[in-house]
Amino acid sequence: MSGGVFTTLFALGVALAAPLLWAALGELIIEQSGVLNIGIEGVMLIGAFGCAYAYVRSGSMVAGIATAMGCGAACGLVLALLYVRLGADQIVTGILFSVIALAGTTVLADRLLGTDVAEKTGQLDIPGLSEIPFFGTVLFSQDPLVYAAIVAVPLVSYLMSGTWFGLYVRAIGARPRAGETAGIGVRALRTWALVIGCVLTAIGGASLVVATSGGFSPNLTAGRGFIALAVVVLARWKPLWAAAAALLFGVAQALQFVADELGFLAHVPSDVLLMLPYLLTVVAVVFAAGSRYPAACGVPYRPGSA
Amino acid sequence: GDDNKDSSGDAASTDDTSTAAADETPKKIGLLTTGTQNDKNWGEAFTIGAKAAADASGAKLTVVDNLNEPPQYAQQGASLGQEGYDMVLMALGTIQEVQLKLAKQFPDTLWCGYGIAPDNAPENTCFVDALQEQAAFLGGVAAGLATKTNVIGAVNGFEFPQLTRQPEAYALGARCVNPDVTFVQKYINSWTDAALGKAAAKGLISQKADVLLAPLTTATNGLIAAARESDGVWVMPEYFDSNDTAKEVILTSVLFDLQTLAEDVYTKGLNGDLKPGEMLPYTLAELPDGGVAPFYEDEAVLGADGVAKVDEIKQKIIDGDIKVPSTDEIGTVGTGSKIDPASIGC
Amino acid sequence: MTQPDAPGLALLHDRRLSVLAALLASLAVIAAIVLALSADPFTVFSTIVDSSLGSKFTFGQTVMIGAILVLTGLAAAIPFSAHLWNVGGEGQLYFGAFAAFAATQVVGGLPGWLLPFVVLAAGMAAGALWGLIPGVLKTVADANEVITSLMMSFVAILVAGVAINDIWPEGFGGQTESIPANAALPYVWQAADIDIGIVVALVAAVVAWVLIARTRVGFEIRAAGLNPRAARAGGIDVRRLPMVTFALGGACAGAAGAIAVVGVNDSLIQNFSQNYGFLGIAVAIVARLNPLAIVPSAALFAILSVGSNGLEVQAGLSPAMGQILGAVFVIMLLAFQVVRLRYPEAGTS
Amino acid sequence: MHGVSKRYGDTLANDAVDLTLHRGEVHAVLGENGAGKTTLMSTLFGLVAPDAGRIEIDGTEARIGSPQDALELGVGMVHQHFMLVPDLTVAENVVLGTERPFNLSLRRPAVERSVREAGERFGIAIDPAARTGALPVEIQQRVEILKLLYRGAEILILDEPTAVLGPAQIDSLLEVLASLRDEGRAIAIVTHKLPEVMAIADRVTVLKSGRRVLSGERGSFDAASLARAMTGAELPELPPRAARADVADTVRLRTKGLVVAGRGGRAVGGADIEVREGEVLGVAGVEGNGQRELFGALTGELAADEGSIEIDGRPVTGLSPRALHEAGLAYVPADRQGAGLVLDMSVADNLALAAVPAGRFDTRGLLRRKAIRAEAERLIESFRIVPDDPDLPVASLSGGNQQKVVLARELARRPAVLIAASPTQGLDVGAAADVHRRLLDVRERGTAVLLISYDLDELRQLSDRILVLHRGAVVYETDAERVDIDELGMAMAGHQPVA
């Protein structure tokens, strides 16, 4: 890592933002379809575990990421069964799903993985570009999943605003009855949104593993899924804004690691710096207060009932 | 847990039946620990020691791992106390209240904990402490000899004296052999958050640190990743010889020989060799594998002279020629960079 | 709502069949998980009961954890009754614990008959204050309370960390020094380590029930929870309710934090809460937000929580199984609509 | 449709109903509230799965399990509450559901062009790029119809399409329907308004309690025979309205220059309104011309941006609902289930909904439950609310009785001013007459009544004076006795009547 303290700050910020961004991209698809997935933390954690297991056992990062995506899809189906098919309360089910994921991955990691880690690290300098001052280090000297996240932003943006899928998802998230009477299978489409969204969320978990030597530890995600929920609100369900909001949190979290070199922060107690991302989230949510959840978000839908 | 049979005593009738248990039945010992039995870290070290003691004495051992919070120790401890265990060692530094409470509730069990004995400790307690500052000091010696930038660092979990003494002693150890060394560090308020560990490490690396102490558990993975992505940066894990995990970036590991410590305290406890409420501070002299792990393929980094220097200083600590300051003196942030090395015998 | 005594229930479809289905389904799923881990479901069940109620010590723990869960359950149930999602019980618990400990240090000189109650009051006040933050933000800025209350939990845990590591550290770390002896809550049954924390919790449950079912403000909370528009048109000051309910809920969680400090642990400990704040949500849901039903519901979760400690020794299973079993159970209740929260029809405006 | 039956719990919503729709015909479906009209139509559209019966289309048995199936078979439905997504454009709403979701390429210009072309083809021109939620209600209804035609629907179902329209809009809607019929489509229309039936229906079916009680072709029925079939009785007569001469001329409700913001601009722009003691002032207008905002501002749900409101000479602008209650205001919201009642609470609690927050039913915060119950029993008796059990959840009451609960609660305060918005919308004839009687009753006692309604007949029956709101402005005002129905209709459509 070369360059000044701000280069370091932003390079770290981007790295810390990537998992948040993946999760936020996934969540915004899900929320736009009318499902509030508070189980996001659990999905990330399961994705991280799946990735670590496959990565460590096979030595292949690609296998790790693919496994995480599979885990994400499976989580999406299970959650769809609960939220969409059975109409279980989404807030409470989501929190409990996260509780189960935390306990379950802890037990499984203990039994299946121990503390093994993969052989290599993920960083991949992009030839040429990584030499550019500041931006080279900040953007082009990162993990593959950081680059992929940057690519995913316009793709998700296109998915949501340039495709029939996106149009339908937005419609059923605002007025599911309107979608249903127009012939859209609301529950099927929400299931798809959950599966796609959870795959992205799980990649967010995988990115934590890929960035940190491929090992797993209990509670590896450390609440990042919950922060991603706030990122989505702050971003007003827009992928580009999600990138900006995730970066804001990443940089806020990175601040503590360069505080010594930033004269004005050197004497702020480290606990206060640790609180910063959370307080920032609260402030952000207050300022994003005008941002409304999609009208039907969180409301279980029963076909044919008023 | 390995053993899952034997529920001889009906748990519902707890009271005084346990006195009837005579010498014929094998003794039951328990280990409650943070981390896991196979974590190549704290938990595994204690488990190995406990198993050795159990094998030698024929006692039945139950290990319950992954206990991180005091209430878990309280509940799990009570569960063992209720089953009439003879001795339980609780391997976490932050649960003395729980230990004392259990000792009161289950007077027939010997409750040992990792920590400093309080005043008026109950009779059925014992306290063990590895003087971790000594081994960390030795890690610092190796770091001071290995560093090319003359900056060394540490990424720490939580800030409290029993932890803080380690990076501070590490800094002092480095200054003992290399007066030009400066020390940088970060606390990340987690033992396990690898992503934060990595970011912290990268922050230190950007300040030119090239040997990083890791008084952490799984967050160490983040340091390893950061080192792999930077040239010439070494990581120094703690508690267990972790070289195999990532040979190319692990210089050595700081070891407290908790295996020997655990085996010793169980053996003494089972043999009745402990005084009521005894405090057992283990120094490098009593822990043969304490200090730093072998350097393996990385000996060249220090050179033969350097390796010899590390051994020499270890001997000096054992002999008392170098007096590594105790927790009281070195348990607050910044002390390791202030104390004059000459004043302790360097 | 045919039963005027069943307050605050935003929900109501209790067909016996779905209860039975939920019970059978959760038993089946739990048994499948247990069998998959090659353990015996019956052993698991008997171990949980035995390890939580089988001796006076574990019984005492079950009672005290039950007391904490009653209070965190109320912390969720009171705002939930107004359809406000306080998921920050964990933070209110920590901040209450922090303040309770601080009180023992600041006014530790008070006489022993008074001090514990001052400490409890400090915990309640602090919990209420912490709850008020998302409540006020909801009222004045319409800020999403799920996220703000959750984020404030992370902050509160760090605040407690400052107290533990920087202000009143105990030599060995991870906890503060012990509270002065005269601050400890009086015992109800000393041998089992049960103190008046349980009495506080039971009284709180009854008071909360009276509040919700029998008072004007409770009427307003229920009405606003079921239909805020109609409640407002009826003259209820609905903008006040986020503050009122979050403060009341926070006070309950704060009391739980105080009990953890001066009742259970005798010091402020890093990570002393085993997700009690979050478990409170499950407790409240199983009780269908009825404050009186929260007592048995909390007992159930306390039994699971304490009882699962025997699993390692008796069944070779991780104690973490207890949490999984509890969560599976509640999810089944929700999935089979045994417990259902009602939502206003979306997108009609 | 043959022998269609549907049971909801204890109610048999449809009982072996037969219904035949012919190409090139308009078929009116009539009946009281809860007669099963919507259920029958929803069955045809695949929203409701019937317990028995079958559906044939063009002679072949059709399986309609979902709206998707229905649309594929050429069956489309315009719902009573529009099924449009407000934040999407007209074009997006129209094409919703026409492509498979994983057909990824959504090309906006092409979509808008084809929607524009379709509109021109069917004579329903709407800007495809407009945001749907911002359009007036009659245009939204066109969007709904276009949506169906765009998909090639041959059988159109319209559920109470005229409930919210003014006479001019109704006429033009009927014209559109007539031309669609003449192109050979089959149209089913559900309505409570007999004149429309007489104007357009080629065939009628009358339902009562889920059973078909009458069906016939044009010529075989008249308004009186239909009413008899629906209610089983003659149309009830309203009591004669007392002349207003005997009441004082005191103004009880007055607004001056009232401005209320709405979506994209002023919804109410500078209204001056006065309602006197013992007077009913009717507010006419097509839905979406500021009625909702006017009601909101008067009742404290919305903030007035400019201007003032007075009750009995006291300024009440910006007061909370509770303070407004104290100032003597009572109101019956149009959306009685959404804004008037707490459906999951008991009848007694709903009757006490305003009195409890006002502190009338507690001693030091503790509820006096006996008093609440006694008051509920009194109101139930005096308003003849059925069933007479105060502990039942109000959700289990019929629409008419729910409205009585709202009225009873509001009138129990003996208000100086009563504001009623569409108080009989969706109520059947008998229930509506009951409500009307109540309104005239409080007028007799000196209450000033502001009646906002889309139903011109109702306004003319009850009002002493009528004014017309168009785009948030009072464009016409007249004494009820002298009202000219054509002028009124013109004013509602936005044409200044010639003086």
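Chains: A, B, C and D, in written order; residue numbering restarts at 1 for each.
Just so we're on the same page, a contact is a pair of C-beta atoms (placed from the backbone, for glycine too) under 8 Å apart; a residue touches a chain by one contact, two chains touch by 3 or more.
Since the model is a prediction, treat every value here as computed from it, not as a measurement.
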For this session: Taking CA centroids for every chain, report which one is farthest away from subunit C.
Result: D
For this session: Using the touch rule from the top, work out which pair, B-C or C-D, shares more C-beta pairs.
Result: B-C
Seminar exercise, completed: Averaging C-alpha coordinates per chain, one finds the centres of subunit B and subunit D separated by a number of Å equal to 75
Exercise. So what's the Cα centroid distance for subunit B and subunit C, whole Å?
Worked result: 35
For this session: Would you mind pulling out the distance in Å between where the CA atoms of subunit A average out and where those of subunit D do?
Result: 45
Exercise. What are the residue numbers in subunit C that touch two or more other chains?
Worked result: 158, 161, 165-166, 318, 320, 344-345, 347
Seminar exercise, completed: Expected list for subunit A, residues touching two or more other chains, is 106, 110, 174-175, 177-178, 271, 274
Problem set entry | Numbers and ranges of subunit B residues touching at least 2 other chains | 66, 159, 189
Exercise. Where on subunit C is subunit D touching in the complex?
Worked result: 1-2, 4, 10, 12, 210, 214-220, 222-223, 226-227, 229-237, 342, 344-345, 347-348
Problem set entry | Of all residues in subunit C, those that touch subunit B in their complex | 50-51, 54-58, 61, 65, 158, 161, 164-166, 169-175, 178, 193, 264-267, 269-274, 305-306, 309-310, 312-316, 318-320
Exercise. Contact residues on subunit D for subunit C in the complex?
Worked result: 81, 85-86, 299, 301, 320-322, 325, 331, 333, 338-346, 349, 352-354, 356-359, 361-362, 365-367, 369, 391-393
Exercise. Hey, which residues of subunit C end up touching subunit A in the complex?
Worked result: 85, 87, 133, 137, 141-144, 146-148, 150-152, 154-155, 158-159, 161-162, 165-166, 275, 278, 281-282, 285, 318, 320-321, 323-324, 327-328, 330-331, 334-337, 339-341, 343-347
Exercise. Residues of subunit A touching subunit C in their complex?
Worked result: 34, 38, 82, 86-89, 91-93, 95-97, 99-100, 102-104, 106-107, 110, 174-178, 223, 226-227, 229-230, 233, 269, 271, 274-275, 278-279, 281-282, 285-286, 289-290, 293, 295-296, 298-300, 306
